[in-house]
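Here the structure comes first, spelled out in structure tokens, and everything after it is commentary.
In order of appearance the chains are A, B, C and D, and numbering begins at 1 in each one.
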Amino acid sequence: MKISYTPKEIMTIMAAREIKNGDIVFSGTGISMLAAMAAKKINAPDSVIFFETGAMDSLLEEIPFAVADPRIMYWAAANSSLTDAFATMQNRITGDRVIAILGAAQIDPYGNLNTTCIGDYYSPDVRFSGSGGGCDVASFVPRCIAFMQHEKRKFVKKLDYLTSPGQLTGNGSREAAGLRPGGVSVVVTNLGMMRFDAHTGKMYLDRYYPGTTPDMILEHTGFAMDVSRAVQAAPPTDTELKILRENCDPQRLILGPVA
Amino acid sequence: MNNQLDKTMPLREAIRRYVKNGAHISIGGFTLNRNPMAAVYEIIRQKITDLHLYAHSNGTGLDELIGAGCIAKLEIAYGGNGKAAPTCIRFARAIQNNEILFEDYSNYMMSLRFMAGAMGVPFLPTLSGMGSDMLTTWGFSESMRLSDPKIVNKKLAVVDNPFGNWGGAKKVVAVPAINPDVTIIHVQQADIMGTCRIKGLTFADVEQAKASRHVIVTCENLVEKAVLRENPDMNQIPFIHVSAVCHVPFGGYPTAVYGHYDYDAQYLKQFAAAARDENAFTAYQDRFIFGVDNHEQFLKQVGKDRLEAVAADPRTGYSVNMKRD
Amino acid sequence: MNNQLDKTMPLREAIRRYVKNGAHISIGGFTLNRNPMAAVYEIIRQKITDLHLYAHSNGTGLDELIGAGCIAKLEIAYGGNGKAAPTCIRFARAIQNNEILFEDYSNYMMSLRFMAGAMGVPFLPTLSGMGSDMLTTWGFSESMRLSDPKIVNKKLAVVDNPFGNWGGAKKVVAVPAINPDVTIIHVQQADIMGTCRIKGLTFADVEQAKASRHVIVTCENLVEKAVLRENPDMNQIPFIHVSAVCHVPFGGYPTAVYGHYDYDAQYLKQFAAAARDENAFTAYQDRFIFGVDNHEQFLKQVGKDRLEAVAADPRTGYSVNMKRD
Amino acid sequence: MKISYTPKEIMTIMAAREIKNGDIVFSGTGISMLAAMAAKKINAPDSVIFFETGAMDSLLEEIPFAVADPRIMYWAAANSSLTDAFATMQNRITGDRVIAILGAAQIDPYGNLNTTCIGDYYSPDVRFSGSGGGCDVASFVPRCIAFMQHEKRKFVKKLDYLTSPGQLTGNGSREAAGLRPGGVSVVVTNLGMMRFDAHTGKMYLDRYYPGTTPDMILEHTGFAMDVSRAVQAAPPTDTELKILRENCDPQRLILGPVA
């Protein structure tokens, strides 16, 4: 089988399919923005894109490169503030309708994320940007998609720093800590798609892409993972790819070079 | 901070008067948008040190201040600067090299902390962060906290909901109020008394300003009082909160100021490149900060071409089709 | 409450669909300004009963609803209606005659309670009210509270500041969140999706709307989406919070709607006079509420002269030199 | 001595004199509005009038008849919201500069106010409007002026309902309850002006107007009050009266009939 799409393209499409019509999509920039745009144009026309900086349903004539990009301030339903944006997610009436897209440097078997540092917190080998809104979103939002490159050093048994809570240590520990149900529910990588067991809270392989196998994915994962439920993902359709390429990022600013 | 009719003064004077060595400060804006950059450069030029900076997500200004060694202590949610530097470079180095004391929060926590300060309550509750290392890992030690009355005794606290399970939450995270000595913001319009109009997103500027003992406002346009009074609904900060007003066109450059100019992707890239190398960084600072006397001269050093390239399109408020990578 | 593209419907339908007997509701505005009066009259016309009303200071709408017997339980900060009725007359009578259950709060407490609901936290802290009888005197009994899951278990709670004396306060008053089943507000402009622009003071309308499961918006002008999108800074409520949009010109009359019309001092005086006498009050209701089918007919009953007398001057937003006593 | 002013006029002037230049004046309507306007025109030109409804420094071309009167929304520095307005007072940086003017149905020897009811709370003889912002203002603001008609039934030993805290039971009980120093610090009536002892927190007579005496005032007060410190108030000056009458309320909408 000839694979006629790039890893970025299938990742975007897999994430876009998670977005339902009517969802309020919390978006960062880069590929998460593209997934939100693709969903709106393909399968969820009445979904709404919003940003932690306070813009709701902006008209994105150009792709924004930051969540504070002035491009998100144009033609919004309302321009508000950080406190308003986070309240929209903390508030259950609106927050329960939000789906969020996050990235991270590390993820553990329970979907907890690290965006803070590698090594000791006080004197790290590598320091990252920090939580930003990540911890808030993972605390408030029932469904979060995590975008990751699938590498052993990123899929780790234990995080160097737990920035954004997933299922914590599983088995209901998230709710016991005082958090609402939620956090990362899907992990989309360049190799496949992971979900979390409803009872144990542990990551399992849900879909492997055409051209990958469960074994290949396990080789790139730093912890044991259930792959017994895995099936092959339906590849991006021609329609999905056409809309993504022609209507979402024709300049390939985010998609990058063609396959 | 006062009701004087005319609070205008040169930026140099405002910084000299309100930003003392060791001051607890905050700056407005978000990553690459509406940072009070003219004020940031003036702080660096005046070699003010030992500052305690409260930041939610101030990329550009943050990294300049840290790079120049002005910051001793930092409370922060996010140090990134868009495509040019997903993690702020001098910020990461300063932490990796143990050059500053720092403490991590989430963005909402920091915004709420300013909001608590603005509201005059000791803390606000949130349902964010339980189970995260933000709760358990303090950047400032207990003994440091107890020895400095300007630092709260605990980083965060989990408290029981006094109303049982009301609101579906048995406990909440209490985040302590911040009241900076001075907050500096850059806005599109202000009058001489200090009433401000921000266009586009306000980020946490309003909360930061209202939480502060003093507020320095730099503005693109210093407008007649009547311009603001004709539409009070669009003004977010009334003059009673403001200590100084400085008219500084392009005072947010190289960050974006909605309706006026875009961020300068080229400048930010050049900064990021320089920030990675000590010699290059010194050369950068000598050229753009210490080699000029004030923001007007800085803008001359930047050059007309750059300023024209980022000029905002009047319809969209940003520079359409600008080269950004 | 949803993202449907078109949420417009007749007011009668919106009230029928979202304001059920026994519902917990709140209405926007303040004393004699921007009360959703068309909706209030429609609730009365539909004889909806047993409502639980959360009010900070809704004078005109409050007294009509109480006078008509729609309200069984009331949480309130202030029942007054300007010069015509420094204390709302039907409100005072209902309490004096033991006709409703009621509980007193301060204005800030009620506003914070809506804000807590909008923020999604179980409570917010304030330094208001310690030592007052508001803290110790509950209007709803403990047994009633425990038997009704929609009522919080305690009225208010004094809790320790978990950060010692940080912020200069050893303890705070926690006020519990309110999340009404439905909030009804009247605004100057809305589009068919429900995005709202309020002109002049917003009172607590934004917090009330965002705290609610459903929001009914009545508007003076139903405008094209583009009108609102051209200036997102001036829109306070994005459509995601709104369930129904009803185009009702003069929907705030006889209260004021800034930029459109003033309060009608004469109508309010006539209401106050009628409210003092049972026969007069029945006659008033028969003429202005039950004797008409809808708000259009109500306005005809009121008469063109009155509507012209309260028309706002375009410069000041109110009726200049209007007879007000 | 011929008294050439009305009780309302001297009350307004006495209150206006309490307002210092630079003060932020929390104002209700009626006589409190007039006092704020008079201060601005006579002795405190840079004072700022603001309202609990959220308007700051409005241009009052006509006298508003309610704190939600659209007349206060015109030409303000900012139109905000209830939560913003109260935060301005709760916030110590701005709140400490506020002077507030309140009214009440009852006041007790410690400056506590009742605006809720006469008789039993649950089944009152007379129900009033309730706290409104009164309790908040009395909790937050260091200096509050109370306007009262001086009558025995209004100056009572014990309130039927304590709506707005003053010194509670005196002797530091206000601060012990968790409140900041503040509350009613001056009571201005048709007969004289009362203040509160810094140590005991008890009301004492500070000034009696020309034409009244301490004894006359005690006759109208429902509790024992120290009058030993009382001196006669300086009557309104011609200038004060002229500005009040000609520039503040020329139609006498609030001042009422001339003396």
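Basically, contacts are C-beta pairs under 8 Å (C-beta built on N, C-alpha and C of every residue); 3 or more make two chains touch, one makes a residue touch a chain.
Bear in mind the structure is a predicted one, so any value in this text is a computation, not a measurement.
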- [ ] Would you kindly tell me how far, in whole Å, the mean C-alpha position of subunit D lies from that of subunit A?
- [x] 57
- [ ] Just give me the whole-number Å value for how far the CA centre of subunit C lies from that of subunit D.
- [x] 28
Task: Centre-to-centre distance between subunit C and subunit A (centres being mean Cα positions), rounded to whole Å - done: 40
Open item on the list: Report the inter-centroid distance (CA atoms only) between subunit B and subunit C in whole Å.
Closed with: 38
TODO: Check each residue of subunit A and list the ones that touch at least two other chains.
DONE: 55, 73, 79, 90, 92, 140
Task: Where subunit B touches two or more other chains at once, by residue number - done: 120-121, 126-127, 168-169, 172, 200, 233
- [ ] Name the graph shape formed by the protein chains and their touching pairs; answer line, ring, star, complete or other.
- [x] other
- [ ] Using the contact rule from the top, write out all pairs of chains that touch.
- [x] A-B, A-C, B-C, B-D, C-D
Task: Complex contact set, residues of subunit C against subunit D - done: 29-33, 56-57, 76-83, 86-88, 91-92, 95-96, 98, 104-109, 111-112, 115, 126-134, 137, 139, 158, 168-173, 200-204, 206-207, 256, 258, 262-263, 265, 312, 316-318, 320-321, 324-325
TODO: Sort out for me which residues of subunit D touch subunit B in the complex.
DONE: 22, 24, 46-48, 55-57, 59, 73, 75-79, 87-95, 97, 140
Open item on the list: So in the complex, the part of subunit C that touches subunit B is made up of which residues?
Closed with: 116, 120-127, 152-154, 157, 159, 161-164, 166-169, 172, 174, 176-177, 199-200, 233-234
Open item on the list: Taking the touch rule as given, give the residues of subunit C at its contact with subunit A in the complex, in rising order.
Closed with: 1-5, 117-121, 179, 193, 195, 210-213, 228-230, 232-233, 235-241
Open item on the list: Applying the document's contact rule, which stretches of subunit A touch subunit B when the two form their complex?
Closed with: 29, 52-55, 61-62, 65-74, 79-83, 86, 90, 92, 116-117, 121-136, 139-140, 161-165, 168, 173-174, 177-180, 253
